[in-house]
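Multiple structures follow.
Note that chain A is present in both complexes that follow, paired respectively with chain B and with chain C.
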Partner chain A sequence: MKKRYIITTAYIFFLMLPIYWLVSMSFKTTGEILGGFSLFPQEFTLENYRTIFTDPTWYWGYFNSIFYVTLNTVISVSVALPAAYAFSRYRFLGDKQLFFWLLTNRMAPAAVFALPFFQLYSAVGLFDTHLGVALAHALFNVPLAVWILEGFMSGVPKELDETAYVDGYSFPRFFTTIFLPTIKSGVGVTAFFCFMFSWVELLLAKTLTAVDAKPIAAIMTKTASSAGYELGLLAAAGTLTIIPGAIVIYFVRNNIAKGFAMGRV
Partner chain B sequence: MKTQNNRAWLFVLPVLLLVAFNALIPMMTVVNYSVQETFGNNLFFWQGLDWFEGLLRSDRFHAALGRQFLFTGLILAIEVPLGIAIALAMPRQGGWVSVCLVLMALPMLIPWNVVGAMWNIFTLPDIGLLGYFINHVLNIPYDMTQNPIAAWVTIVTMDVWHWTSLVVLLSYAGLVSIPDAYYQAAKIDGASNWAVFRYIQLPKMKNVLTIAILLRFMDSFNIFTEPFVLTGGGPGNSTTLLSIDLVKIALGQFDLGPAAAMSLIYFVITLLVSWLFYTLMTKDDLN
Partner chain C sequence: MAFEIKNITKKVDGQTHIKPTSLILEAGHFNVLLGETGAGKTSLIKLMAGLDRVASGQILMNGQDITRLSTQKRNISLVHQFFVNYAHMTVFDNIASPLKVAGMAKSEIAGRVEEAADILQLRPFLARRPHELSGGQQQRCALARAIAKESNAIFLDEPLANLDYKLREELREQLPELFAGRGAVVVYATSEPEEALLLGGKTVLMNDGRVTQFGTTAEIYRNPLDITSAKVFSDPPINTATVTKKGAEVVLNGTIKWALDGDAANLRDGDYAMAIRPNDVAPLRTSQSTVGVTGQVQVTELSGSESSAHFSFGAQKWVSLAHGVHIYDIGQPREFFLDPSKCFYFGADGMLAARG
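Here is the complex of A and B:
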């Protein structure tokens, strides 16, 4: 029994080490970081965080990221809901092929799309807009959302739909007042995954933005190269990018494993 | 049983339009580039299949593809058994389960370039925690900007750190779905731990493990940001994986033709694996 706890604890310890180092570095001065090795911050400072919270380029990066990620989550979940319902309840011409085609877009390497996306979004005037990034991320998030939601919806017996129709419910009323509440944990998990993959993706977000919609993580790389090697500042910005993820994960903690299994445990 | 209804297409239409806009137009652009040569100024010349032929014979492409398969093979060989072992060791109930799950999922929620930057400062030879420990406590010379083997160990360790939890979470979800009665029956039969694993736990995890392995295969096959931030593909070309090479050719050298041809070959490989994935998944749905 004891061996079990050692394995779990050791693994979590291993996971926390690099995170600890990032957080600890964010409270150090650049002088201390470059001066040599220290396990804990010797001259504890909040200067790095102060720089970020007072400089608009920095904090706007956060707003930009949160803005397009939220937009993407809303778009992805709302278009995926009816589609997932169709896949889980009906057979229709070309359904299997369509589902497979959607799936391939979840698997497509982002690097393949970087350049054509840049040209496409410039041509339609969505370059450097939040909507542009949100739509681009829909490439992999919409298929994912359809997939997870379909898994959850297939777990709901069809008798629920039929009973509702017998009781005289119209489809929209059934869908919003009966069906959605039934699968609300599925919707929550799907929203979480859309949020997560849009939040962590950077290649497309960076390619599609210049100034106005630039994500925080891209500002980090830019600052890292232009303002010399300010590791403390970089660490503070990195630490702040972990927080939104940590918050949203708390809400879905009980369903997260099922979400990763696309509702197919 | 599902009912036949072609009006279901209406439900799928928004998804179809959105994904088609994102997938078909760029894909046509790529196909267009892959058969042409450009010298700038928007002048294009028909090139036929030359780029594809050249690419399939080029040592650089073979090397990048080889490194990609090595990377994907290594991380699968480590993450899958490790993930299963940790899932088996995790407590099944109690307040700690949620804490464990949240902590384990945390690395997956960090932006990918922050993951790269984090591992960079973690492994700096003299001032990073790991770098300092290996160099000055274990006294093993370690500098991933100089030594290809050190760079490989670092990117593989980083990926294990980043994604093993995915395998853990999925295996765990499979394990908790096993009814207690199965274990009691095994106990009465006097089954060994190994027999319980082999005949009860593993079959129950088969479904989720398939998903885990294929997701890890495909995501690691597409990996770009983390190793790019960490090593930039170096030292030399030693950690230049497929996506890194592709971005170097497309955005670095602006060789659109070869980059487009490479994208398509890359995409076909991913397509084959997706098909395998899909077949396995739908087979399970039928049972």
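Here is the complex of A and C:
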């Protein structure tokens, strides 16, 4: 093996090791996990997955998560599109300040907002709803989406807009049939990042839900029973949470590279 | 078809970009907007296209006021310097797009697109995407989109500037026949005087947001109205110097003298700004009437059939442009010969006072 491959190989090895360990654990019994060190499952079992796929409190956790994450992605991208267009195409009073202020929303820790959100949601009836969590996550994702989309939109020359108007396109028609297809990789990248941030965010999602909209990550913290931690079950649930992210990454992998090239991701 | 603008102005952030401008542009010939980068050509086109709002003034098309009419409703075409095409559409759909928006029948669209594609030799590429074409083909696609639509006015904003030399020559030759007989007002912006001369028609000289002269291209090349127009319509830059007229003679730098005749002889005595085109300053004596000027050769360029030399004498930095290959020694003094009959004399107000 050539020298230059060594670092890459070592990097990938260390990167994959915890993931391998998680997957391997999910096929072990809790007894074996606690029993000692084993590289492969000695006693291969699908019992952990069976529990998750048959117990509604478990699989509803996934549905809840996927539901509010999707809702959040749709809200964030559709709200950010017109905002990013305005930032990219027009000069108005305080535009640069407003743009920066949007970004500062991402700088505050989620914990700061947890209590006000909880209080507000309890008052208006958004507590423990998918929409509630999706809206709370929009606080972080809308600025991010505006930031990324603005980069992609500014990469499109203004002459494209002008050409379309000259050709007779009205603004809405131009935006939907010309502009959006032109920046579709930007929309893909934005959707991916919104999805990811909402998918891994735990604090707000946990604070603002009780039963009906409880995310999978919150349910996982409940595996502590009188018999101790059910580690095998926890590992299986963890493995399953990786899958949606992996699927989304697969679809936008080429666009992400483009996003990095644009310098906004 | 005629396009008329009356006293239009344009302001950006309190700064005047287009000073009061009035023009009548007609169909049947090229209307070339000639000026340096930043002279306001693109600004003027945007105003005429309705992409920008005028601060004051009126725009008329065939006598109808269209000042407040939106771009979409003006029925015009526009080709930018950069190749602007719709990246996600095929070439066919690109050319067809204005027709589709206008709600034309499918069968008619196909006929029009194919006609435009044939003229611009795009027929083999109709199924491709713009990014699969070369730069010249992409710009031809944009041109095809502009001519497929039967518009009232076609604006071409330096359409050839981003193409390489060969393609530029090729397309420039095609342009006049492309728009001939279409009945549309053709406005062509360029920063190259040579291009204006090659395209013919009428030329609008622009400088610093102002129209300095407007007329038949050959006419305004021969008779610049003022010194700015003379400068705009000359490449390489026109040679200028301050001369003093006394009696029947003018004196340049105290020592170089020549006799005046014709118009110039009747000028009042005093200082004038003199200008002469580089191709009227020759490296060899061609006739007895030419006047010798000795200058230090600084830079020389050889471009195919022409040789140019930049030389300085006194406070002047001049250029000589001559046919054929001439060898100059850089840093050495050399005598150049100006033709007094080709001189322009401008008064203190910058207006043309007399020709040599």
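The working rule: the second predicted complex is superposed on the first by the 252 of 265 C-alpha atoms of A that agree within 3 Å, B and C clash if a C-alpha of one lies under 4 Å from a C-alpha of the other, contacts with A are read in each partner's own complex, and residues count from 1 in each chain.
Please note the rule applied: contacts are C-beta pairs under 8 Å (C-beta built on N, C-alpha and C of every residue); 3 or more make two chains touch, one makes a residue touch a chain.
For clarity, every value in this text was computed on a predicted model and none was experimentally measured.
Colleague: Scan A:12 for contacts with chain B and chain C and give back first, second, both or neither.
Modeller: The answer is first: A:12 touches chain B but not chain C.
Colleague: First (chain B), second (chain C), both or neither: which does A:98 touch?
Modeller: Only chain B; A:98 stays clear of chain C.
Colleague: Applying the document's definition of touch, where does A:221 land relative to chain B and chain C: first, second, both, or neither?
Modeller: Only chain B is touched by A:221; chain C is not.
Colleague: Applying the touch criterion given at the start, work out whether A:116 contacts chain B, chain C, both or neither, answering first, second, both or neither.
Modeller: After superposition on chain A, A:116 lies in contact with chain B alone.
Colleague: Can A:108 be said to touch chain B (first), chain C (second), both, or neither?
Modeller: First partner only.
Colleague: Thinking of the overlay built on chain A, is A:69 touched by chain B (first), by chain C (second), by both, or by neither?
Modeller: In the superposition, A:69 touches no partner, neither chain B nor chain C.
Colleague: Going by the touch definition up top, name the partner, chain B or chain C, that contacts more of chain A.
Modeller: B
Colleague: Based on the superposed arrangement, let me know which partner A:149 touches: chain B (first), chain C (second), both, or neither?
Modeller: neither
Colleague: Do chain B and chain C touch any of the same residues on chain A, and if so, which?
Modeller: none
Colleague: Flag every residue of chain B that touches chain A in the complex, lowest number first.
Modeller: 2-9, 11-12, 14-16, 18-19, 21-23, 25-27, 29-30, 85-86, 89-91, 98, 100-114, 117-119, 121-122, 126-130, 132, 136, 161, 164-166, 168-170, 172-174, 176-177, 207-208, 211-212, 218, 221-222, 224-225, 229, 242-244, 246-247, 250-251, 256, 259, 263, 266-267, 270-271, 273-275, 277-278, 281-282, 284
Colleague: Using the touch rule from the top, collect the residues of chain C that touch chain A in their complex.
Modeller: Residues 46, 49, 51, 70-72, 75-78, 80, 82, 84, 86-88, 97-98, 101-102, 142, 145, 149 of chain C touch chain A in their complex.
Colleague: Can you list the residues on chain A that touch chain B in the complex?
Modeller: On the chain A side, the touching residues are 3-5, 7-8, 11-12, 14-22, 25, 33-34, 36-37, 39, 75, 79-80, 82-83, 85-87, 89-93, 95-96, 98-100, 102-105, 107-117, 119-120, 135-136, 138-139, 142-143, 146, 196, 199-203, 215-218, 220-221, 224, 231, 234-235, 238, 241-242, 245-246, 248-250, 253-254, 256-258, 260-262, 264-265.
Colleague: Enumerate the contact residues on chain A facing chain C in the complex.
Modeller: Touching chain C from chain A are residues 157, 159-160, 162-170, 173, 178, 181-182, 184.
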